[in-house]
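Just dropping this structure here.
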Amino acid sequence: MEQLHNELKKEFQLERMILFSDAVFAIAITLLVIELKVPEIERPELSDGKLLEALAHMLPKFFGYIVSFMFIGIYWTVHHRLFGYVINYTPKLLRLNLFFLFAVALMPFSTAFYSEYLMKHVLTPVVFYTVNIILLGFFNLLMWRHIGNPKHRLSEGLSTADLKYSTFRAILVPALFTVFAFVYLMNPLLSSMLPAFVPLIMRLVKKNYEKRKIKQTIKDN
Amino acid sequence: MEQLHNELKKEFQLERMILFSDAVFAIAITLLVIELKVPEIERPELSDGKLLEALAHMLPKFFGYIVSFMFIGIYWTVHHRLFGYVINYTPKLLRLNLFFLFAVALMPFSTAFYSEYLMKHVLTPVVFYTVNIILLGFFNLLMWRHIGNPKHRLSEGLSTADLKYSTFRAILVPALFTVFAFVYLMNPLLSSMLPAFVPLIMRLVKKNYEKRKIKQTIKDN
Amino acid sequence: MEQLHNELKKEFQLERMILFSDAVFAIAITLLVIELKVPEIERPELSDGKLLEALAHMLPKFFGYIVSFMFIGIYWTVHHRLFGYVINYTPKLLRLNLFFLFAVALMPFSTAFYSEYLMKHVLTPVVFYTVNIILLGFFNLLMWRHIGNPKHRLSEGLSTADLKYSTFRAILVPALFTVFAFVYLMNPLLSSMLPAFVPLIMRLVKKNYEKRKIKQTIKDN
Amino acid sequence: MEQLHNELKKEFQLERMILFSDAVFAIAITLLVIELKVPEIERPELSDGKLLEALAHMLPKFFGYIVSFMFIGIYWTVHHRLFGYVINYTPKLLRLNLFFLFAVALMPFSTAFYSEYLMKHVLTPVVFYTVNIILLGFFNLLMWRHIGNPKHRLSEGLSTADLKYSTFRAILVPALFTVFAFVYLMNPLLSSMLPAFVPLIMRLVKKNYEKRKIKQTIKDN
């Protein structure tokens, strides 16, 4: 009974950390919308033509909003998958998670900066956004390595192949964004479009991984 | 014991997705208030008459605030009912849910846009708001169909009649809003008032469904 | 097993409603801070004297912030106590709770409006704030009555005396605020100070209730 | 069964208070980003040089953002540790927790005020920020003492040494900040840098405590 009680308390402490992270994710993903400002057109200029024009001017903002929503969503899904393996926590995991959340919470600013100057032939906002994505990937990687280390006894059911695949994915996104930043120097329009393809690339990687996993299972039996 | 542990972990992973959704709902519904700006009147003009006039000017804002609060509230209730049936999750359900939350998180902007130009004889904001409601209904529909598909084994206790009724409801709201947008072309004032009747129509549909359900149960016995 | 599963699902559905409410409370209480704007003083005027002066000008804002934090905090405590008795939910309880949360979510606006014009001899913001407090009290009262009604079988361990006391408290706060609004007509300064005494009055009422409860228990034995 | 049910209800009520606190922490820590405003540079002045210059001007803002993120993170970790011992709650604990959350929710304002005037030779914002940190430490201290008091039977597994160490830590941070405020009078630049060292000092204190604890355990056996 005593042991069960302690077990439950420990589990709740872990869940608390996870739900706190979820709240940060939820706020960051919902705060993105604050950057979308309602176009203000006064009478007598007000007309549907003017409003549509104003919305067209906001296209980079909408684009940035959608891309960042997608990325925070993807990283939430990764966080969800990661903590699906976790059965215990260490002060270090708490700390790594806070650093990771720092990068998540910074996203609304990076997005606003990036989308404000999209297609305006300046590199700084692209680099800033890329650094934010690199931070996300970096702390994500450190978390996978920390929980994947069998010495720490933090995870359960995480195979070496799963771990390898997850750390590969954690590196892939920042790597792609770094490439995009370089492409930007040559072709800003092309570079701006590329982030939209990242989820597609991620899915191809995933499908490929799953196919190989099934093959492996067949071979093993 | 091992199996129970895995079962609990799976259940927590599902709950986590639900509570994350709740946080997004809660933030979107509470962020609506940010669009209500305190009227600023300086002395010596300051008087109760001036303040009441300023509040009267804000009536479309208050109207939009209340309507959107109501809709986010209704969709939260639907989400609550939907996940009352769900016993498992798939990556696809996670993705559909994220798309649905995208439409939820966009509501504060759509509401601000819609209520800023309410009664000002422009169609664009009405269409924008309608598209947002259509997105909500569409992803809601896809979720009902996904969890209602017996192949996926995602739900429990969801009868065919319940599923039919829920998908009907998911289509009804966007359909009504599309009609409102057309009415707007002819009579903006009338059209602007109509959203307030949607919950009423929804309740009539619900009452009717419940009556038929009871009759059916009586017939069956 | 099946029954236990359903029981747990029902309980989670109830908890979900509670945690959703908590998120709205948490956001409303934290959004209050947005109304506190950093005073902007440029060089060469910048000095500690100027900054202190600016902070002194913000005193009504700080006062409004603290009072509203206190009230949202108090109503959260009441909500916490109320749902401590609840063991089931009805669609009506969901709806009442949403209406209650509407009043909670409106608080940041009412507070900003109220504190912007505090001590400036206008009645409108005071009335607006009072109406918001009345809405809070009203929906709180409806919830107590709904869960307290034995027909609905929603609560457990809620004695008639507890229910009476809770409904009395639910009415007391709006009643006090209505009085304050009338006092305001005669003496704005005094009226503005009064909200700060509400928690004190509430505690006196509580102490008195607890004393009487203990006496009753002694008499009963 | 009845007893188990009551036990679970009580536990959920405690968890609700904790998750509500987490939501406030999460919102406060994520709202910090709102103070980071995207630099607005119009064409034809727009260039990477100008943007980098604008970012350089924002350095105090970034510094304030990071320091406050760190402190809210640290206090969340402390709150997480504190409630790891708690097994029950009293109305007083609810109240102390609300006061503590008041200080947490004020942090975005204090941070904005502090970082707006960093390095500008004014003392008021530094004092304001220090007072906020003192409030955090003070209510944290009161909570440790309240749950640590064996009379209240609120905690489990909290040794006298742990309690002493935790109360010491609760006092240490405000004490350090008070020193920084005095240093500020003599050397603003140095003082502004000092907060960044607090986590380092905290870790040294922690390591030292853990070392002594291990020694003690060895001696005891």
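Order of writing sets the labels: A, B, C and D. Residues in every chain begin at 1.
Please note the rule applied: contacts are C-beta pairs under 8 Å (C-beta built on N, C-alpha and C of every residue); 3 or more make two chains touch, one makes a residue touch a chain.
None of these values were measured; they are calculated from a predicted model.
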item: Angle of the C-alpha superposing rotation, subunit B to subunit C, to the nearest 5 degrees; value: 90
item: Copies subunit D and subunit A - interface residue numbers shared by over half, same or different; value: different
item: Chain whose Cα centroid lies at the greatest distance from that of subunit A; value: C
item: Intercentroid distance (Cα basis), subunit B paired with subunit A, Å; value: 26
item: Distance between chain centroids, defined by C-alpha means - subunit B, subunit D (Å); value: 37
item: Sites on subunit C at which at least two other chains make contact; value: 19, 23, 26-27, 31, 34
item: In the complex, subunit B residues that touch subunit A; value: 9, 12-13, 16-17, 19-20, 23-24, 26-28, 31, 34, 91, 94, 98, 101-102, 105-106, 108-109, 112-113, 116-117, 120, 122-125, 128
item: Partner subunit D, residues of subunit C touching it in the complex; value: 15, 18-19, 22-23, 25-27, 29-34, 36, 38-40, 43, 46-48, 51-52, 55, 66, 69, 73, 76-77, 80, 83-84
